[in-house]
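So, here come the structures, one by one.
Both of the next two complexes hold subunit A, though its partner changes from subunit B to subunit C.
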Partner chain A sequence: MRTLEQTTQEVLDLASKHFHVPAGSLAPEDDFFKKLGIDSLQTLEMLSRLENHFGIELPDYEVQGVSDFRTLASRIQSRL
Partner chain B sequence: MKLFTGKALRWEWRDSVVELMLDREPANEIGLAMLEELEKFVAAVETFAPETSACIIYSERRLGFSAGADLRELYHGAAQLAEKERLCGVRAFLERIHAVFNAIDAVPFTTIAAVHGVCFGGGFELALTCDIIVADKLARFAFPELRLGLIPGFGGIPRLKRDLGNAFIRDLLLTGRSVNAARAQSVGLVAQLAAEGEALHIARATAAQIIKFDGVTRAAAKKFIKPIPHEEFRREIDLFCELFARPTVMAALKKFVESSDAMPYLP
Partner chain C sequence: MLDLSKYQSIGAALQDALDQFSNEVCLIESDREREKERLTYRDFKARAHPLAKALEDMGFGVDDRASIIMTNQSKWLISAYAVFFVGGVLVPLDYKLTPDEQWHLLKHSGATVLVTEYPIWRQLSVAEGRFTTTNVKTVLVTEAPPSADLQGAARWEEFQGSGEPAFVPRARRDLASIVYSSGTGGRPKGCLMTHQNYLEQCIALTSIYRFSPGVRYLSILPTNHAIDFMVGFFGPFICGAAVVHLRTLRPEYVREAFSKYKITYVSLVPLVLKNLQKAYRRASTGFPPANAKSLTRLWP
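Entry: the complex of A and B
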């Protein structure tokens, strides 16, 4: 079973890879809209990638109001 | 007319397969331009239907298949009208949408929606007119209409009821959430999953299989297993118009149109 730290790191790695941001440049407390330069439709793309990667369903209303990687990871963790 | 290029879409017929490509910035929102060209498509279909085995509907836009109704056009158009004219205009638009969607639903050849990215609201309803949905793994499906105080008005709920169990439909409708392609496949909405960017390729392979079979038999089988729920569509239009008359709807549309929210597409 993953720890929250492991989940958070996987979220950062996935975001870095798919939105072409240098690996290691993202931190858990970063605002993913600002750091990745994405809008809400691209956020849904990220949601799909995260769901596929972790093998979960994460209702998008749980992501409403979330903007940092750490909180996003905690939402994912609660479904693992 | 086997070849057409318009402002919102284009189509090309080749070797008994017609491909309808949605291509209106930013995300194939369905407003008057898209509707008018879909009406042209439906009229053209009547001329080449006898020699057609399959149709693939897909999007050229990176963001996805379609984000749904053009809410900006709807709001700005409705805001200029007095209430009675507004409701007449909305009903007239819905009647035209239903006519063209019903025509696509009933074409005598097999229709395949190749879906990627967002497939929301009216865009989802367009995909539901098709016989088969192929979706890439990043596709997402949603009925976000309740956020605006509305229900889906392009025939989506009766079509979903035709195909799926009520519990899943209630989840989608009442939470307004989007579901990914894997979930959509697990409930039977999506027939085949494709790798990222490969939905059109898979749809073409599916069409290549479909064209092997006798057209008359295919048309008869499709008509037999795919009834058009006309009475439910009538009730849906009435309910949509009844809800649209409420002040909260124009307020919600205004909020969406004027929003600088980072996540307007999330529930």
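Entry: the complex of A and C
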């Protein structure tokens, strides 16, 4: 079982890889809309990648209003 | 299509549509690969009338206001019809607003009933605005887990009256809904929409969207917006067409829905269209020729 810290790190790694951002440039508290320069639909694409990676389903409503990596990771963690 | 010139209200037109097209499919609801629900107009009526009866039994009626804060789905439309059936005024609010913004508009609108989804209620129920919005007396929550503490709300699925509700006629000049602007130019403004406004809009819009039984509309824009309310609910319904709802608006599922459900019409904003185009282009590179061909048809 992953810890929240591990899940958060994996989310950061996947986001940096998917959006071609240098590894290590993202932090858990970052607003991913601002930091990655993405819109809400691109965020949904990222969620699909995260679902595949973690083997979970994350309903859209679970991430409604979520904008930072740490909260996103906690929502994933609750479904692992 | 019903002849809307003969009707006085949204509720009256919908009431006739449910009977006239009773065997036609009116709603399809899909969640990822799974089809969650497929309702005929007869099914829709069977779901809406017990809700209307329960509203009637609690004393909700003429000019009373009921708000809906939900993502696009069948229960949105069923709830709206029930409100119109008993003579109420609909207050559709944006589910993407913050809980305090939603409470502010609930207070401003004077809504006494709120219909919402469990994930939204989880946030609304603990927001500060709840304690100053005393006008909302009844909250109905959909799809709540069996063990959930609803914080004073009732389960939508269990809020049913027995027996047939009495239809409450409204006149064209009567208020049908209060639609709030987004607030990008300041505080949101509530637009007072009469039944006449909707009936005339519908006549205009259905000259562009040629709905009829068998035609399918993909409802993506939020139903609280005027355009989806008209062409993703009222318009298709008074023509016997079907509305398709997707519970997951991931580009890959939206893309698949077009062919899977043989969509005839969709209304989009440019951002969604651009993303769909990107998704199609990406998918087409790894797809066999048949899929690449469908991309070309959509974006030549």
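One rule holds in what follows: the second predicted complex is superposed on the first by the 80 of 80 C-alpha atoms of A that agree within 3 Å, B and C clash if a C-alpha of one lies under 4 Å from a C-alpha of the other, contacts with A are read in each partner's own complex, and residues count from 1 in each chain.
Quick note on the criterion: a contact is a pair of C-beta atoms (placed from the backbone, for glycine too) under 8 Å apart; a residue touches a chain by one contact, two chains touch by 3 or more.
Just so we're clear, the structure is a prediction, and the values are computed from it rather than from any experiment.
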So, after the overlay on subunit A, do subunit B and subunit C clash or fit? They clash
Of the two partners subunit B and subunit C, more of subunit A gets touched by chain B
Using the superposition on chain A described above, determine whether A:Asp39 touches subunit B (first), subunit C (second), both, or neither. both
Now for A:Pro59: first (subunit B), second (subunit C), both, or neither, which partner does it touch? both
Margin query: Looking at A:Thr7 after the superposition, I want to know if it touches subunit B, subunit C, both of them or none. Which is it: first, second, both, neither?
Written below: neither
Quick one: is A:Gln77 in contact with subunit B, with subunit C, with both, or with neither? Answer first, second, both or neither.
neither
Open item on the list: Under the stated touch criterion, which partner chain does A:Arg49 make contact with: subunit B (first), subunit C (second), both, or neither?
Closed with: first
Report task. Considering only touches as defined above, state whether A:Ser67 meets subunit B (first), subunit C (second), both or neither. Result -> first
So the subunit A residues that subunit B and subunit C both touch are 39, 41, 44-45, 47-48, 57, 59-61, 64
Given the complex, residues on subunit B that touch subunit A span 27, 63-64, 67, 117-118, 137-140, 142, 175-183, 261-267
As the complex stands, subunit A meets subunit C at residues 39, 41-42, 44-45, 47-48, 57, 59-62, 64-65
The answer for subunit C against subunit A in the complex is residues 32, 71, 95-96, 98, 117, 119-120, 123, 247-252, 271-272, 275, 279
Per the touch rule above, subunit A residues touching subunit B in the complex are 33, 39-41, 43-45, 47-49, 51-52, 57, 59-61, 63-64, 67
